[in-house]
Amino acid sequence: MLRYIVRRLVQLLGVVIILSMLLFFWLRSLPGGPVNAMLGERATPEQVARFEQVLGLDQPLHIQYVRYMGRILQGEFGTSTAVLPGADAMDIFLARFPATIELTSTAVIIALLVAIPLGYFAARRHGSWLDNLSIVGSLIGIAVPVFFTAFLLKYWFAIELGWLPVSGRQDNLGCTRITKFFILDGLLTREWDCSVSALKHLILPSIALATIPFAVIFRITRASVLDVLDEDYVRTARAKGLTARIIRGRHVLRNAMLPVLTIIGLQVGSLLAGAILTESVFNFPGIGEALVTSFRGRDWGVLQILVLMAAVVFVLVNLLVDILYAVVDPRVRTR
Amino acid sequence: MSNSDENPKKSLFSRYGDRRKARIDELAAMSAPRTAPAPVPVGAGGPAEDLTVHESGTIEEKPGVSLWQSAWHRLRRNPVFLLGLTITVVFILVAIFAPWIAPKDPLQGYLIDKVRPQSNPIPGPEPGFPLGADHLGRDLMSRLIAGSRQTLIVGVLATLGGFAGGLLLGTLAGAFGGWVDSLVMRAVDVMLSIPSLVLALSIGALAARPSQWTLIIAIAVVQVPIFARLLRGSMLAQRSSDHVLAAQALGIRRSAIVTRHMLPNAMGPVIVQATLALAVSIIDAASLSFIGLGNPDQRIPEWGAMLGQSQRFIYDNPHLAYYPAICIIIVALGFTLMGESLREALDPKTRR
Amino acid sequence: MTTTAYAARADTRSDAPLLSVRDLQVTFQRRGEEPFHAVDGVSFDVRPGQTVGLVGESGCGKSVTSLAIMGLLPRRGNRISGTVDFDGTDLLSLSDGQMRDRRGKDIAMVFQDPLSSLNPVVPVGIQVTEVLERHRGMNRKAAMPMAADLLKRVGIPDPDRRIKDYPHQMSGGMRQRALIAIALACAPRLLIADEPTTALDVTIQAQILALLKELVEDTGTALIMITHDLGVVAGLCDEVNVLYGGKIVERGPRHPIFRTPRHPYTNGLLGSIPRLDAAGERLTPIPGSVADNLPWDHACAFAPRCSQPIAVCTQTTPELETTGDRALRCHNPVEDPR
């Protein structure tokens, strides 16, 4: 097990190294070149000259790359020019990352809670109206762009009905910040109204975002339960006279969840993509919204760290999923 | 998925179905010379569709029914596929003939006189303008029709680009294996690890001035690793298959084996993926236009961009957003339905 | 505590049947297709402690019969009729819940493929204890030593360690032993073994058969042995039912059946077994396969493959006729068995 994790970590390192190379060349090919990228377009010629010297642009490429890596490892991605002018790009990432985690994890939880039971019952009643209806629902879920779902929810429940806030992450209540996870902070400091406010702001965006993983998880659960129901060990379990509850939990779902676990890992990419759109619609101050702002404002330093971190998060979550898989499936563990 | 390597388990039921089908065949084949009752009539539906009844009363399977032919046999009666096909065909026809279908010039601001930035920014429907106009007084209906063409161009070109890139990488990796394979697939893994929209944004950032081509290239690049993986997978499966081994044993050149024996057989899943990718491309294009990485020329109608521009007016005129969104959804749904039923029809596991 | 599970019940043997199957019919009906009679009027008895064989090629209806007795056939698309009387109760008339209470407790089953029949992600020990928890109301802690004991009883070495193993960590023979332990956990009065040795290596097959024989003798459990292998029947069964095309074609006690098979099918089955003591004698396989069957309605289903068909065989259905302890369904029985 330990050897497995170490091997996966080594693979992760390889991905990050290739990624950093790509990022290095990406940065050099940006319009205006790396100086512009680091300093922003409004830098004075003196600043540019000094920076070019500091960067060692006269040096050979591989030395430039080594220096670039050195800066990345120290978390120096430059200063923001558009998202929060003057702020350090790394700080912006650190401040906004918890918001996106709050949003995406809530969305995944919602999707799991709805998709798994629905997928299970659709498979059990294979070919019934419930089955067909949920299939159509999941197909529509795929075809509707997430920003339109977000827009509809915002228009109906926030603008027309006024039940929930239109934008942002929390009302201005002067809340204490500890972890920067607003709901958690409110619970820790017993500022209940802070938690409630953060939760209210989270409901609509996370429901909108949940439609992405929902469609996929539903379809995988349904297909996988259909497969497992045909397995011999389910027949054995029934031959033992076990209760429906134990057959469902221990024998059907525990096996059917394995592919679902894998798919959740692979969904992280589209979740982050969805978060970009959802956060834009709701002006939710996470990394997705920062990404759009930095792109529009050519804030390359911020864009750089966000692209790098998005990939790292994707790989890390998949590593986590693989480890979890090994915990659930003994066959992987001993391989 | 760990249990994919096990034999696909069949239900008790289908096992009997198969056996029964074989029984019908053999029974029928031998029944003619004997004094046996007439062969069991074959009902509609199910595997029996591949059977033909001859005048002599014997039943036999059509020889050499190809994967595509038998898939088409099943698709022809599949309402889901037909719905998807109808939507797709109508969309393509509208896109091609858009300039002739559109009642008005989509670029001209006919109702600009009625636009009052403060009191009435969006002129409502009136005779000749069934859906009203946009904030520049242009006919909404005509812009929606004309927008289909942009959407089709972006979707098709992006998918073709992604397919071409994936074909190159996947064929390289799958056909040669070894270090070429490792190198290509590591690069593909890295590309896959960047969220699609982030990757598209990064590509878009490279363009000094955004244009429609930035959008197309960005979406194409996102599709490359998906196609590459898929093609490599099918090619690997092909490489160890009997007919390729036989071709190798006959001393046929490697390039000929790849192009004549491996690629054609790897095409099934690729075509399915391309259909689904078209839906994804259209949605991605809309998403990128929505964010602002679209054609900066706002005169040319495009559904995603129209949706993005409608944001300013949604409080009072949500219909500006609804119409383009519904167009996107229907078209994406059409391609998805078609792709999904195609996938099902070509999947040997579901060919019962 | 440990021996209660196998309390010898040899003394309960009597002539009153424990299981009495009468006119069992199972019909698979798929939409748009001709109904298929998988089991077509099967009747037989199993007395307490008796071992009864159901023999035939794959597709003859023997497995479907056992699944119907267990109430394990999918309800959708099937029609089941007849009676399955177990100790005075018609199992077919029981509700799902009532049947669940009996499965694994009164009637247990051992399946063909031990790898796919065990849940791959649950330790074997728990797959044993869950039966005890379900039918004996034990908690897991109390059930564990008993499970280890059961594993030991079926010949799994080092059961205290093996109990934590997952199925993939065991050998094929050990998995089948574990499945037998699960089936015997609640000391059922009837055990159905559906081709329990088919998926195993030859040497292991013999071990498993010996184990089954020993356990049945020790515990007094009645056994229905479902197999296509007459060698298995010869070593184990008191009575043999030969099935063809969903009907019983011949029945009788083990020795008479082997000595004087009357049905050409039984005779053919015996003729296709290689024998060491008959060197030089040619094997005589039965031509064709189950797929060549005729419908039973107006003929003998076996006629197309029969070695000695006569005209009536393709015109009327033969009835099952009983003489003494034997029964036969044939228009033209074998007079001179091989």
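In order of appearance the chains are A, B and C, and numbering begins at 1 in each one.
Basically, contacts are C-beta pairs under 8 Å (C-beta built on N, C-alpha and C of every residue); 3 or more make two chains touch, one makes a residue touch a chain.
Remember, predicted model here, so these are calculated numbers, not experimental data.
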Most remote chain, CA-based centroid, reference being subunit C:
A
Chain ID, smallest distance between chain and overall C-alpha centroids:
B
In angstrom, rounded to a whole number, how far apart do the mean CA points of subunit B and subunit C lie?
50
Centroid spacing, where centroids are CA-atom means, of subunit A and subunit B in whole angstrom:
26
Numbers and ranges of subunit B residues touching at least 2 other chains:
3, 9, 11
Subunit C residues counted as touching two or more neighbouring chains
116, 120
What are the residue numbers in subunit A that touch two or more other chains?
231-232, 255, 258, 329, 331
What part of subunit A is in contact with subunit C in the complex they form?
231-233, 235-243, 246, 250-251, 254-255, 258, 328-331, 334
Subunit A residues within the subunit B interface of the complex:
14-15, 18-19, 22, 26, 29-31, 139-140, 142-148, 151, 155, 159, 227, 230-232, 255, 258-259, 262, 268-273, 276-277, 280, 291-292, 295-296, 298, 300, 303, 306-307, 310-311, 314-315, 318, 329, 331-332
Residues of subunit C defined as touching subunit A within the complex:
70, 72, 99-105, 108-109, 111, 113, 116-122, 130-131, 134-135, 166, 168-169, 179, 182
Residue numbers on subunit B that touch subunit A, as the complex places them:
1-3, 9-11, 186-187, 189-190, 192-198, 201-202, 204-208, 279, 283, 286-287, 290-293, 307, 311, 314-315, 318, 321, 325, 328-330, 332-333, 336-337, 340
